[in-house]
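Just so it is clear, A, B, C, D and E label the chains in written order, and each chain counts residues from 1 on its own.
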Amino acid sequence: RAQEKSLKIGAYGGYFKDSFDKHIFPEFTKATGISVESIAQPTGEAWLVQLEQAARAGQAPADVSMISQVSMLRGSAAGIWAKLDPAKMPNIENVMPSFINKYDDGSVCGVGAVTWYITLVSNSDVIAQAPSSWEELWKPDRAGQLGLLALVTNSFLLDVTAKTYFGGQEILDTEEGIMKVMDKLAELKDNVQLWYRDEAQFEQALKSGEIPMGQYYHDVAGLAAADGYPVRSTFPKEGGINDSGSWAVSKASEKLDLAHVFIDFMSQPEIQTLLSRKVGTSPTVARAKTSLTDAEFASVSSEIEPIIPRYDMYQQRADWLSQKWTELIVS
Amino acid sequence: MSGLVFESIVKKFGEFTAVHETSLTIPQGKFVCLLGPSGCGKTTLLRMIAGLEAATAGRILLDGDDVTRIPTHKRDFGMVFQNLALFPHLTVGENIVYPLRIRGVSKADCLAAVKRLLDLVQLPDMAGRPVSKLSGGQKQRVAIARALALEPKLFLLDEPLSALDAKLRESMQIELKQLQQKLGITTIVVTHDQREAMTMADLVVVMSQGKVHQVAPPVEIYRKPKDAFVADFIGSTNLISGRISGSGKLAVAGGTLLADDLPATGDVTVSVRPENIRVTAGSGDNTPGCLAGEVSYIRDLGASIEMYLSVAGQQITAITTPSDRPDIAAGDAVSVHFPKDACVVLGDA
Amino acid sequence: MKIKPRTFSDYASIGFPAGMLMVFFVIPFGIMIAVSFFQRVQGAFYEPAFVFDNYARFLTSFFGGILGFSIGLAALVAVVSVLLAFPFTYILTRMARRTQVVWLVFLLSVLSLSEVLIGFGWSTLLSRTAGISNLLVAVGILDKPMSLSPSFGAVMTGMVYQTFPYTVLVLFPALSRLDPSLVEVARTLGSGPVRSFLNVVVPALRNSIVSTLIMVFVFALGCYLLPQLLGKPSHWTLSVLITDQAIYQSNMPFAAAMAVFLVLVSLSLVAISLLYGKKENAA
Amino acid sequence: MINTFILRLFLGTIALFMAAPLAVVAGVSFNERKSLSFPPEGFSLDWYAQIFTEDSWRSALFNSVGVAVGASSLAVVVAFPLAWFLWRFHAPWARIVQVLGLAPFILPPVITALGFLSFWTTAGAYGQAWTVVISHGIFFVTLPLVTLTLGFEAVDDSLVEAAATMGADDRTILRTIILPLILPYIISGMAFAFVLSLNEYIVAYMAVGFTVETLPIKIFNSLRYGYTPTMASVTVLFVAIAVVVFGLIARFGDLPRLLGAWRHDDDS
Amino acid sequence: MSGLVFESIVKKFGEFTAVHETSLTIPQGKFVCLLGPSGCGKTTLLRMIAGLEAATAGRILLDGDDVTRIPTHKRDFGMVFQNLALFPHLTVGENIVYPLRIRGVSKADCLAAVKRLLDLVQLPDMAGRPVSKLSGGQKQRVAIARALALEPKLFLLDEPLSALDAKLRESMQIELKQLQQKLGITTIVVTHDQREAMTMADLVVVMSQGKVHQVAPPVEIYRKPKDAFVADFIGSTNLISGRISGSGKLAVAGGTLLADDLPATGDVTVSVRPENIRVTAGSGDNTPGCLAGEVSYIRDLGASIEMYLSVAGQQITAITTPSDRPDIAAGDAVSVHFPKDACVVLGDA
């Protein structure tokens, strides 16, 4: 029966899922004969809670899910991911090693699915000169003009501050160092008009010029600009923030074999190219292996060396960080 | 034994005794009024008959059968509630055949019954009306028709007329009485209006504070009240204390009175109705049955004239009609006549 | 006419709802209480245990401040809502039935406006580029348009907007059953309309007012979306942080502990005001 | 006489206050471009069409309505026997069940949501569509419980007794007297539960967020990738449905009475 | 001009005219009862006096000043509502001094006023009670005390006694009357109970369907009703149609009657009270003022006896006391005597 050859795949609900449903999953089904039941999953963290709760009860709301890095680590700590067998997925050779997630014992539990950039965005009607550095966020004349992400685990502003003012992310190794970074970060608080959680909350304000500057997703900003809104995304000289999502399989899933087939399929350079073109994400394979043109590549990525968040820190100090962060922005 | 019998019935609500031990027999086919002041337990008694309230002790027999434990819906008694309790979501006709319909009587038979019952209560052609569109008197009749739909063994009415205005009420009393005579069903009506009881009943049961004081036909209740409570409650009366002297005479303050059925000796209370007292101008002869008094004041109510008299320090009220009014005014000395057959010697309440 | 239940079928009728509520309400809530004592595993989830760490973590001045703010905000929302809704409902109940129906349908329909959209609507109305301040500029009250959201005022506006229809609907029965002759008699005794409203209608309905305040307060305390959509982080309530901890930090034990605490606090506030109300009544 | 000018001003301000966000939402729903600009740019009804043409919105709409119908029916089914029992029988312990029925509404919604999440996963039914129906049904049981309690109190005891004297047993009374009389209260309790379930987000999200996308979840998910005017048009549609539903209730029932006013006219 | 004057007052509710053009003068210090069937506009009239309802047309003058447009709270009239409308959140004392307190009267003066007023209504030491703990009659008196706290120019009461039971009601009527006499305030009481009006009033205003029929002292209302409505509404009466023949005689079916104040010619209606009709056994002499009749039936009500007679096809009711009861039974032929001064010729209603 067809049911046996079907897979439940979670992708972020909304635009993301729509694009996958339209452009990617049909290709997969065509190529493998495995049908896909796509599942609108909420934000990574919330989805993780649900996966975890379900796994405790031996259930898998989705077989394969796209999970952000912080959540990947959390999930591995709790051991909710199934171990993957690289031998069954020859194509993951293509994926850059930094996008392969492993358990402490070295076994693979996640494979890079897509990556994206968070950059400095601005409204070109309000701000004539495109900003070129994250330092722009600290400028006194930006008072009340910024929109920043509200969670420590998705804004990655600690990494940005460390890179911009403390010569690199090493300072984040110790709690004292992190506190210094936070003190620096506290200086820009007066500039922030909006700490947002849902992208659209900021997007609307950015488009209208209500809040003319902030951090935002490079790909979505590009779509808005293409629609004719006065929105621009700039890779600052310190680098854009590069975050990624990995495919991971719930331990409770009974379709590990099919999941291998799927992940293998998604790791092909051609599919990564397709993703960049249709979904707007940046590939997890080296650019050279893709057939992206310069213009296409520029629209999803940049040659400037990115800021890769200190995921280890976000995992190991999770509660302490969230407490300090909350105190930082709330007080 | 045909009729309704109460055997030592008691009803308590928690600590409070609403009906004290009561035994009572109501013969088949009679029209009975339960009469008494508010809160005396009339409704409670009626509800026990209907099975809406469980008796705390005692038995209720109907035609010799014990019905005490039979649930209300199996008793087949017709009952009209004080507020009529017409079903607001049903039409007049639907209300009337409700008891038939829930027994699965056929549509045709129901229609026939509606017609018959509406004719009986003189409301033909009203079957389709919603009950909210009826006048008070019409509602009344629908409630009665509904209670009669089953040809009940017993017909119970709880202050059925209290919500009506005086004129309508009077005509409904007469109609109700005629209906009962026509159908011959034992009927028990609760009321606190003594006039209503006097008009309708074959038998009046006077209650107060959970106790039955007297059971008798209306005129007897009025003319021969058993105790001071009944005398005072039914109509108004003058209560005069007296003492029976050795010679079989009744001595009261200010003179002596004449009365029938005097006990041998002791202190007694005598009830004399105001309308039976005759007042004449001038201080009288002070023979037995006549006392000297003084007029306190006179109230002219149109249809009748009330004279408030002071007789040997006691307040006495007499009533007369305008045509018989003696020529007296406040302050005048008068003779107050107490006819022998008007003086009723009371038992203990 | 109430009787004692006797037969099996008498009990059966309550058995179903009681069973449903036990299984689907008491057990889930019991699980949450249990979870609040579980051991948090840093960087992962939690393990069954019996520890008070989660409560201990909560008892800091930081969370104390947030709890204080949440209670203050909920209380203020309740007070403002009732202050607006009480006279409004009073006037409403004195209007012709037709007018009442129109207003009631309108208010009930506003209830079907989802919270996100309320947040969006007000953030637009309070924005610099498209908001009310532009109108104020047009009529010359303001020099230039200003941004009124996010701000405390915006949070208040949004929450009052959300609670107002509920408040009206809760007050409606009491006010419409209020005997109009109380006000009329006050007028024959020399009170003008405003005065008789203040010293007859309000005190006569004091109990309804207190219970409405409590209801709105509890409702506002559970509100987690509007403070995020219309407020700065300093306006976030405990409910926001509970949601955060549960969902974004995967810290269910801590979230549960905060929630249990919140429920306890609101229940005790409710109990206190009820006791207070009782006493006043008895006096 | 009350100063009518101040009165009108007060009522007008309230009306404006209540209508303003509605106006924004309605205005936005007519935007020509896929943006929530206000005032709207251009005019288009596409976003209304999209509710019905686009699969995901349409199914979200149907899911929501389906869940709301199921949940509000369940809430009534649970509340009715409880309210009936409380009204019919004298049993002090039953108050506990009543308090349980009133409590779900008092808890912060997040907690209810997490409680259900744990519960359904433990029970092994996590993610099944019907779990959200039960969750909502229990969550909103308070509303019909309150209206039904009111409704039973409004049933004149003597109607029941009258029916009993005419030979109706408990069951017959329930069917022929109570149900017809209490119907308006059932409807209004159900309508309240329906409307609230339609808009409930977090419980639905936690219980079945990933399998059954209800409208609020759909709106939230689309919040992540840009507001679309469809969410405004859906909301306008919702409000319109509510106007129709409550308008019908008002037309065929006595709305003020259902909401707790005494009936002044038509005394029986 | 001292007193309350209505000048062509009209009150409409939308299309419906609740009070038709009415002009009326109520002299200072009188006790007036507004009497009439339900819905006739009594409450509306009273509310217009209090300013709770605006008159559609006309003026109301008090001691010569136009008060029509003065708002209620500036009129200084005391009013007692049908349902009393005590403030549930205040104690007895607080209720009573409410009108003083809102005028800023000092605490000490308020205390003194409470004491004085509670003494007046015979409820000393009740000041601290919550009003919910009062009996019906006590509530009544508190409402009266509150309305009197300001020493009102006018004292208005809307069916103040309708909620009380018969005994309590009677005693409250007397208390109310005595209070009014003591204070000498013009007092207007609405009632639909004619007995109450007859007992208390100096002046009775009889209304029906928004129109005033007669304004007169109670006994005059009863003895000399102006039209058939008044005659029938106040007590019961026999209405007999007749025609005045040329010779100044009043011809009715079955014979002629005698009456004072006969108009010259035309058709008239004559009212004769049942208690004024005397019945004797045996068919009579058929002189003017006496008609031959037949007994339909007799009802013994205890205090009185009602005789239903058929006189030339018309139903006539006569009432007598038990002591005057003629020796007749249903079916007997009787003579029915109509004394000349009992026959009142009515005007058009």
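We take it that contacts are C-beta pairs under 8 Å (C-beta built on N, C-alpha and C of every residue); 3 or more make two chains touch, one makes a residue touch a chain.
The shown structure was predicted, so the numbers you read here are calculated from the model rather than taken from an experiment.
Shared contact partners of subunit B and subunit D are absent. Most remote from subunit B, judged by the distance between CA-atom centroids, is A.
Summed over C-beta pairs in contact, the chain pair with the top total is C-D.
Ranked by how far their CA centres sit from the centre of subunit E, the chains are topped by A. Taking each chain's centre as the average of its CA atoms, subunit D and subunit E sit 55 Å apart. If you average the CA atoms of subunit A and of subunit E, the two centres end up 90 Å from each other. With centres defined as mean CA coordinates, subunit D is found 38 Å away from subunit A. Multi-chain contact residues of subunit C (touching two or more other chains) are listed as 1, 130, 246, 252. Looking at subunit D, residues 1, 36-37, 118, 122, 161, 220, 223, 227 sit in touch with two or more other chains. For subunit E, residues that reach two or more other chains under the stated contact definition are 71.
Pairwise chain contacts present here: A-C, A-D, B-D, B-E, C-D, C-E [touch as defined]. The residues of subunit D lying in touch with subunit A in their complex are 33-37, 56, 117-118, 121-124, 126-127, 205-206, 209-211, 213, 217-218, 220-227. For subunit E in complex with subunit C, the touching residues are 50-52, 71-79, 81-83, 85, 87-90, 98-99, 102-103, 146-147, 149-150, 156. Subunit C contributes residues 40-45, 62, 66, 127-130, 147, 150, 228-229, 232-234, 236, 241, 244-252, 254 to its touches with subunit A in the complex. For subunit C in complex with subunit E, the touching residues are 179, 181-182, 184-192, 195-196, 199-200, 203-204, 206. Within the complex formed with subunit D, the subunit C residues making contact are 1-5, 10, 13-14, 16-18, 20-22, 24-29, 31-32, 35, 84, 87-88, 91, 93, 97, 100-101, 104-118, 120-122, 124-125, 130, 161, 164-165, 169, 172-174, 176-177, 193, 218, 221-222, 224-225, 239, 242-243, 246, 252, 255-256, 259, 262-263, 266-267.
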